[in-house]
């Protein structure tokens, strides 16, 4: 799953976060899709859908399975999805007749959506950690020093540095309280009703969700992208809160105002005296970038029929970028908070 | 507060919902802003910030106050806000010296944001009612009749009409379970820290919130638009769920498929045989319209300094439209569900 | 045609332009659609598609035709379009048997798209006039007085006021040089190939275009929205150029910088000393509003099959707003340029 | 310049175009920035701004210059731009005292914007070539065979395959007639007024533009992004026109309609009979992706002061993606046209 920003781009150091991006690599995607297949086989064995021997043959095949992602490229281009090629490659290594028990009753979208959820579940606690660092780092700046407030771009009345810190912290704290914890298993089979998966769909889904550490849902969510959008909206709440800090820092560190200083600013190729508030600007940029992504992602939320190609593929082109930009904003936010100071007036 | 879609437009019958739009009329806005002022005066009297006489003088003035909104137009154009003109007009009717106790320590944004929340609080239960009607209306169509499922725009495997109904209902039910219930009071004064409002800001805020039936928050949210965005995102979940139904109905009612019929379709000025699935198309349009609005609204979420003019005004241009479009989609959705049928194949 | 911003909204004085909005009223839309019908009848008479008597009967009917738009509301809601109801109402007044010659071979989309182009053709020269006023008004501010330039929000090197004026003028001048002049007739009939309209489609189209003062095109553009998007993109170039002025004025008129003054600023309900740069902020807001609209309009550019309902209706919800916001920005820009001054430093 | 989609993503075969993406590699960016510096030195030598010896020393340094892009990463992160680090690295290799003549009077934005224009100028003729292939490929399908037209998702009246081909070709042909040919040099120096570049700015700019094969402009366009937006809007006209073909093909190749066949369709991991119209869906996805990008790019068009960091960086995150998606759509469009057929009815 995914269509990601590149680490080869000139500004990758500023606009890209390697750690977050790893979650959207083809390698991690394949790994997570195979975890889905293993959990499915085990749960189907437990519920009697496939035999224990078949399960064992599948697990053995999965233990030994390796693939060069490049081998999947041509097939993926034709199928519009990674999974058919991947499934075929694995199945070819399952000892017959158990190959027929492999991937039983499921469909590519079950694999791909579940794979994404597995990776998000691992990623979001790291985001929470970065958020905490930022909230704590801001706290260290609190003081009763006076700071001029501005409304509608004009001088208003004095507040304190602590007032400003609170304004910045509040939406971050509220994002921290609401870090997503629901990462649902996707399970439904080719037309979403779970019919070919098991007699007792719910028992199977519960077993699998429990094995994978995911949430079980009453039914598949092939065309209902709420679970992803909930995470995306949360990510937006983070980048907007950080963008607000960036915007304020860029304004308060204008030379004529000088109420905030950002150490280690960017240099100019032409003006030696410049110290540009790169990290602050960057947080605004990433907030506006994510606002762009969510607009498209909401367009992508409209899935026709039982499963959509158009909308789902658009989701893949936007969602990973939104998450990577969030990871980048958090990392850059951590650095900004450290480099920030409120110089004494006068 | 607002910048609304017009009931004078040629397609207002289809694209506009009078009942929802009323919530964004200048009349209701003024009414709600005056409720804020009354609640503020009462709470400030109870907490000793102003005298009981002052409170009484203010309440008397509010009881008698009427204004022709047109009288505010020129002033509003200059101030960029309704409230300064409105406050001045009210104050002129408060018996001195109590006029100085009026609007004490507060600011336009407290009035305007609170006014919006008061109106949303009244509106959303009506949305919930419409949602319920739709969910129930869909249930009436459930049956074990076979329906061909389609994935990636191709015939997949048969499901039942009940399967399809469940797919449509699920995101609507989940929206019903999550109808927003948090409508926070906005209170903070000119620079958001509540200093001129009361010695005990929290006591004051709690009194006011309780009187107005709103939620109290730890502090003002002048630059943190999360409360509004939460409601907007919920509205999107509704219009996307309805748009999905519309998209499916438009596809399934293609003449060559004929799996769904929509009674009372639109006629063509040129082709007598046509029966266009107007209501179904309309739900897709409104979903895409709201996806457009949310993209802009997330851009508008970035408020600089203690209070922003640019971002806040952009919010006013988008948020009401998004809510009105949601109301319209719900009303059209109710009608669509009634006019829908699944003809027996053959 | 349309879904417009309301003159009843609290901020209509600032966010709405009555003159521009009139172009999107149902009254002007009906008027222009009837002009299309008259031109069609005349051209079809000239090319022998209908008789001269029929043409005369149609023209007589059109001369006398009046309708209360409210009478069309219910029908418009059902049809999803104004035209079927309007055409039926006119036809009922054409003396038989000539009623069958009315609206011959055409379709609602021919009427509606042509109607819009007729109204835009009348509107855009007024936009050009406003643009010229702004460009000239800016010229009056030019001087060799020093102004500090800023890059990446930091002090850079001194420039002159004239340099700044040039920066502001350039994109406006370039917009002036590119005011759209192509307003194509829409003509194609129900499936766009013009078959039922005339034996010689091109002769007919040329006659009609010439009578209406529109451009003729080789064929219908029912699903190719380039003509509208070209105008929309031009409008964006205007609002972005004005938004840039607004952004700079808001920054340069910060109290700590004070390099620009904007007379008659907005007052605050709470802080008597404030003079908020409302008009400057407003230009930024309208630029961001139009950036939002164009994103949706490009989504709406994807019309399926021979004519789309979903995409076309979405276009109606966005395009008029974009044009009205452009008219508003031009009007507010005119005022801003007059109220602007560059105070002498020191 | 850039923030590109990755060739490592699972769907890179379908969603990414290696040839187009190469234009946005750091390697090509560095190469083009160095071309700018060489042209600047030559033009400044010709106009007497620097000595011929200085020019020669600079050219020698540029001849020999190589750099590992990774060496620039940390510096680029700090500066928010590639150029300051690159310029410093080159300058260190220019023999003193001529190092002071290097990069004289210019600024990073001159390098970066010009570099982008150089690469777009090389790229767009390739796009035109692909467009021509598609237009020609479509022509080969023209025939008088009957095809049922659909309007508002319902059967309308019969047209011919040639009618459909014309509908598809028209916006592509019009895009072919309007392939952008204006790729302006960016030149203005740190605050855009060209002062430190030469006494006769226009002579210098003309010399440089001519040497680089770019258009000269009256002045710098640091904050006026019209040149880029013109290209972006053209790219949208291409992807929308291709998306329309994709949308129609997806609809017409529904099994129940069967009016179009797309050879080599995608397979399903679960349903052996499926042949999914991947390429058709993909064109719709890319059109909606680009509609998303342009919305953000128009937000990024608002550059504050003499040069913006926030807006410019956002442009880098969106513009390359939009161009790469366009290249991908063209490549996939070429393939779709080849695989397309209109089966004889019956």
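Note that the chains take the letters A, B, C and D in the order they are written out, and that residue 1 is the start of every chain.
By our rule, a contact is a pair of C-beta atoms (placed from the backbone, for glycine too) under 8 Å apart; a residue touches a chain by one contact, two chains touch by 3 or more.
Keep in mind that what you see is a predicted model, and the values were worked out from it rather than measured.
Using the mean of the Cα atoms as each chain's centre, the chain most removed from chain A is C.
Among the pairs A-B and B-C, the greater number of C-beta contacts is found at B-C.
Rounded to whole angstrom units, the spacing between the C-alpha centres of chain B and chain C is 27.
Inter-chain centre distance (chain A to chain C, centres taken as mean C-alpha positions): 40 Å.
Across the assembly, chain B contributes residues 80, 150-153, 156-157, 190, 250-251, 266, 268, 271, 276-278, 281, 284, 288, 291-292, 295-296, 299, 309 that each touch 2 or more other chains. Within the complex formed with chain C, the residues of chain B that make contact are 1-16, 24-26, 29, 69, 72-74, 76-84, 87-88, 103, 105-108, 111, 189-190, 196, 250, 264, 266-271, 276-278, 281-282, 284-285, 288-289, 291-293, 295-296, 299-300, 309-311, 313-314, 316-318, 320.
By the touch rule above, chain A contacts chain C in their complex via residues 150-157, 250-251, 253-257, 266, 268, 271, 273-278, 281, 295, 299.
Residues of chain C touching chain D in their complex: 80, 149-153, 156-157, 159, 163, 166-167, 170-171, 174, 190-193, 218-219, 221, 223-226, 229, 233, 236-237, 240-241, 243-244, 247-248, 251, 284, 287-288, 290-292, 294-296, 298-299, 301-309.
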